[in-house]
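I have placed the structure first, in the form of C-alpha cells, so that the comments after it can refer back to it.
Labels A, B and C are assigned to the chains in the order they are written; within every chain, residues are numbered from 1.
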Amino acid sequence: MTEARLSTASNQMTIAVSFRQVSRHFGSVKAVDAVDLDIRPGEFFAMLGPSGSGKTTCLRLIAGFEQPTAGSIEIFGSQADGVPPYRRNVNTVFQDYALFPHLNVLDNVAYGPMVRGVGRAERASAAEEALRLVQLPGYGGRRPGQLSGGQRQRVALARALVNKPKVLLLDEPLGALDLKLRENMQEELKSLQKALGITFVFVTHDQGEALSMADRVAVFHEGRIRQIGTPQEIYERPRSRFVADFVGSSNVLPPDFVKLHGGQPRWASLRPEKIRIGNGEAGQGVAGSVLSRSFLGATNRVTVEADGLRLQIVTPAGQPLPDDGATVSLHWLPSDLHLMEGPQ
Amino acid sequence: MRSDRQQSAPLALKIAAAAGLLFLHLPLLLIFVYAFTTEEKSYQWPPPGFTTQWFAVAWNRPDVWQALTLSVQVAAISTAIALVLGTLCAAAVSQTKFFGRETISLLVILPIALPGIITGIALRSAFNLAEIPFSFWTIILGHATFCVVVVYNNAVARFRRMSGSLIEASMDLGADGFQTFRHVILPNIGTALLAGGMLAFALSFDEVIVTTFTAGQQQTLPIWMLEELVRPRQRPVTNVVAMVVVLVTLLPILAAYYLTRDGDQIAGGGK
Amino acid sequence: MSAEAMLRPAPAVAILPSRGGIVGALSDLFWRKPGLLLFLMLAPPVLWLGIVYLGSLLALLLQSFFSIDEFSGLINRELTLKTYGELFLPANLDIIIRTVTMAAIVTIASAIIAFPIAYYAARYARGKWKALFYLGIMLPLWSSYLVKIYAWKLILAKEGILTWLFEKLHLMWLIDAWLSIPVVGGNSLSVSATGTFIVFVYVWLPFMVLPIQAALERVPGSLIEASSDLGASPAQTFRNVLFPLALPGVVAGSIFTFSLTLGDYIIPQIIGTSRLFIGQAVYAHQGTAGNIPLAAAFTVVPIVVMGFYLWGAKRMGAFDAL
C-alpha cells in the first residue's frame, strides 16, 4: 500500500490529460476549436454541453479515435499524437456499451487481457474480480443479450476497469437508463471512482448529472470550452449567458435592465431561488405582475413580468403564492446578482 | 402490418396464395417422380412403372461424373475468389465513407443486374480480342465476377447490423487492427460470409448462360444438362441427374437460411 | 486476486509501446493512414470488376460499332453505325418487338400471380408460417434454372401430365382450340409461344414475389385500420391505400422479370417455336454466323430498354423496395 501512495503522490505532479490549442475540424465544421484543457490525476471530470458542442469529439480525441487537426494532447506527460487507441492506456465505456455480442460476459470483460496475451486462467480470475467490483459476480456465463440495460452498463464498466486504465472515459454513461437506475448508478460511479483513484472523464448533456457527480465541469458550446470550474463555481458564477442558461435555469438580465435597477450596465444572471416575492408596495424592489404559477412538488415556480422581462422565481412549497395577474415586488441581494462577461 | 386485431385472410386470397405456391412447387416435385420411371423413350405420364435402376446407370456414367467434378471445382474456386473480393468490398463500403462509394456498389451489382447473356458475350468477345484461349480459368473468371455480389450483399447487410462502436471498443481495449479483425470482425460476420459463400456456390454450380460463352470444350453439369435438353440422348439419366441437382442446391439454401434467419434476409436478389 | 488487487494503481505508462514486429508496424501504419487501408481493400475487387467486367462490356460496346463485310465475312474494324442500322431490318425489328412484348406480358402475368402470395405472406403469415412462406419462395428461386425448364418440358410434352389431366377431365378440346389460334398456338404446348410464356412466368415468378412482399411489409397496419376507420370497404382500402403503396414493389419485381426475359435465350430455345428472341439472335450471330458486331448491337437493345425502364422505375421510388 505504501507503494500505491507513493505513485499517487508522484502522479499529482503531472497532469492526467492536457489539451493545448486542440482543434478537430470535419471539413468546414469546427467540432473542436482551439481548446485548452487540463484534467488532474484522480479527478472526476465532466464535459457538459448540448449535442454538437464538441464534448464527445474531445472524449474521442483522448481515446484516440480522432486525431487533432491542430494542437497537441498529452496523457500523463506523454505525447499522444499519432498513437492509436490500442496503445493508449485509456479505456472507454461507450454510450451503447458496445459489448461484443458473440462473447459471453466473462469473455467480454477478459477481452483486454486476452489481446495483451494474459493467460486463460489469469484473465478469467481478473474478469471475475472486475465483475465482483461492479456487483455482477457469477454473471460471466451469460450473453450480453440476456442482460438488462443497467447490467450491460456494469459489464461495460468492468470490461474497461479490468485493464486498470490511467484514464477512464465515459460517454453519456447514464443516458440510456431510467431515472431510478440512473440515481443508483451515479452514486456507484462516484464511490467506485473514489475507491480506485482512477481519473474519470465523462461526457453528458445533463447538467444535473454533471453538477452532482463531477469534481470539476467544463461547459462546451460550439466547439469551445465556455467555462471550467467546480460545480459550485459554474452554478453560482456563470461566466456567460450561455453557461447561465444551460446550467440550471438562471434568469439572464440584459445590461439595460441591470442598469435600470442600480447596477453596472452588464449582462448578469440571477438564480430563480435567490429572488423573494414581496407584496407589491410601491417604492420597494422591482415591480412586476404574475403571469403564471406551477407546482413542482418541493417548490413552486412563479413567472413574473417586470420591465418587459420574464423572470422565473422558485419559492419553497408552503409559502403563500400571489394570484395570477397580481402586482408584486421582487427583491434580491446585490451579492446574488452575478455579473457576466458577455452573452456567450 | 403488426396489428393483433387481425382477422384471418379472406378465402379467395388463401386460395390464390396457395395456388401460387403450388404452381411454384409441383413442377419440382414432378422431377422426383420421373427419376423413378421405367419409361425410356418418352415423357409419358403416368409412368408405366417404377424402378431405381437409373440411379445405378447414372452412377456409372463417366461423363456425368466429369461434369459434376468440373462444376464443383469451378464453384469452389469461384466462391473462394468471391468471398475475398466481396468481403473486402463490403468492408470498404460499409465501414468507411469515401467519394465514389455509390459507384462501387453499382459496379458490384451490375454483373447480375444486366441479363446474363450480356455478361457472357461481353466476356467472350473480350477473351477473343485479348486472344485468351477458353479454359477452366475463363469459366472461373466469369463465375467469380457474378458471385461477388452475393457475398457482398450478405456481408454488407451484416456489417450494417453490426454496431459501429464494436471495432472502436476492441481497439480501445488494446487490440490492434489484425487482432480486431480476428477476434471481433470475423466472428461477427462469419455466418453471413458462410451464407454468402453457400449461395455463391449454388449460383455458380447452376450457372449456364454465362458458362456457355466462357467455356471451351469443358462441360460443367449445367452445360451437360443443356445438351440433354436440346438433344435428349438418355432421358432416364437426365431425370436422375435433375433430381440430384435439386437436392444438392436445396441444402446450401436451407443452410444459408438458418445461418442468417435472425435479422438479415438472404440476399435473394443476388441470383 | 482480491478487491485490493483491483485497487492497485494502474501501470505507470499511459502510452504503450508498439507491439513490435511487422504485424505491429503494419497495424500502426494502417491506423495512421486509413486511406492506404481503404485503397488496399478496394483495389482487388475494383481491379477485378473494372478490368474483367467493365473492360469486357466496353469491348462489346466497341464491337457494336464495327461492321461485317458481306462478301468475305470478315470484321471491318472501322467505326460505323451501319450495324445498328441492320437492327431496323424487318426481320430483326420483328425479333425485338416479339421479345419486348413477351417481356411485358410475362411481367404482367407474374405480378398478378405474385401479388396474392406476397400479400398473404406479408399481412397474414406469422411465425412458423412466415418462415415457411419465405422458404417456399426462396427454394424455387434458387433451384436449378435448367431443372425448372426441364420440369416444364416433362409437363408440357404431348404424352405428359398436362395432356393426361385434360383428357381425364374431357377438356382436351380446350387445349386443341387454344393451339389452333395463330401466334400463340402451335403443334403442341411445348412448341408454342404459350409454352414459352408459361415457363418464363414460372421461372421468374419468385423474383416478383420478394420485392412485393418487402414493399407490403413496410405498410404499417395502422394505415389499413385508418382507412377502414374512415369507412372504406376492404376493396376500396386495397385500391386506394394498399395497391399504391405496393406499387414500388411491383415495379422493382418487374425490373427482374422484364430484364431476365429480355436476355434469356435458353427457355425459348427449349420450349417454344422456331421464331427467335433477342437472346437467341445474339447467340446465333456470335456463334455460327460469326457476326459479332451484329450480336453486340443486339445486346445493346436490352441495355437501352432496361435503361429507360430503370429510369422510369427510379422515378417511382422502386429502388427502395429492392
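Structure notes:
One rule holds in what follows: a residue touches a chain if its C-beta (ideal position, glycine included) is under 8 Å from a C-beta of that chain, and two chains touch if they have at least 3 such contacts.
Chain identities (UniProt): B = ABC transporter integral membrane protein; C = Binding-protein-dependent transport systems inner membrane component.
Please read all numbers here as calculations on a predicted model, not as lab measurements.
Taken pairwise by the contact criterion, the protein chains are fully connected, each one touching every other.
The interface holding more C-beta pairs in contact, when B-C is weighed against A-C, is B-C. Averaged Cα coordinates give subunit A a centre that lies 54 Å from the centre of subunit B.
Mean C-alpha position of subunit B lies 14 Å from that of subunit C.
The centroid of the Cα atoms in subunit A and the matching centroid in subunit C are 55 Å apart.
Shared contact sites, meaning residues of subunit B that touch two or more other chains, fall at 174, 176.
Subunit C has residues 16, 27-28, 31 in contact with two or more other chains. Across the assembly, subunit A contributes residues 84, 86-87, 90 that each touch 2 or more other chains.
Against subunit C, in their complex, subunit B makes its touches with residues 1-3, 5-6, 8-10, 13-14, 16-17, 20-21, 23-25, 27-28, 30-31, 34, 42-46, 84-86, 88-89, 91-92, 96, 98, 104, 107-108, 110-111, 113-119, 121-126, 128-129, 141, 144-145, 148, 174, 176-178, 199, 202, 206, 208-209, 212, 222, 225-226, 229-230, 238, 242, 245-246, 249-250, 253-254, 257, 261, 265-266, 268-269, 271. Those residues of subunit B that touch subunit A in the shared complex are 163, 165-166, 168-176, 179, 183-184, 187-188.
Taken in their complex, subunit A has these residues touching subunit B: 63-65, 84-87, 90-92, 94-96, 98-103, 111-112, 114-116, 159-160, 163.
Note for the complex: subunit A touches subunit C at residues 4, 7-8, 75-80, 82-84, 86-90, 125-126, 129-130, 132-133, 161, 164-167, 195-198. Every residue of subunit C that touches subunit B in the complex is listed here, in rising order: 16, 19, 23-24, 26-28, 30-31, 34, 37-38, 41-42, 44-46, 48-50, 52-57, 59-60, 63, 113-114, 116-117, 119-124, 131, 133-155, 157, 159-161, 163-164, 202, 205-207, 209-211, 216-217, 219-222, 224-225, 234, 256, 259-260, 262-266, 269-270, 279, 282-283, 286, 292, 295-296, 299, 302-303, 306, 322.
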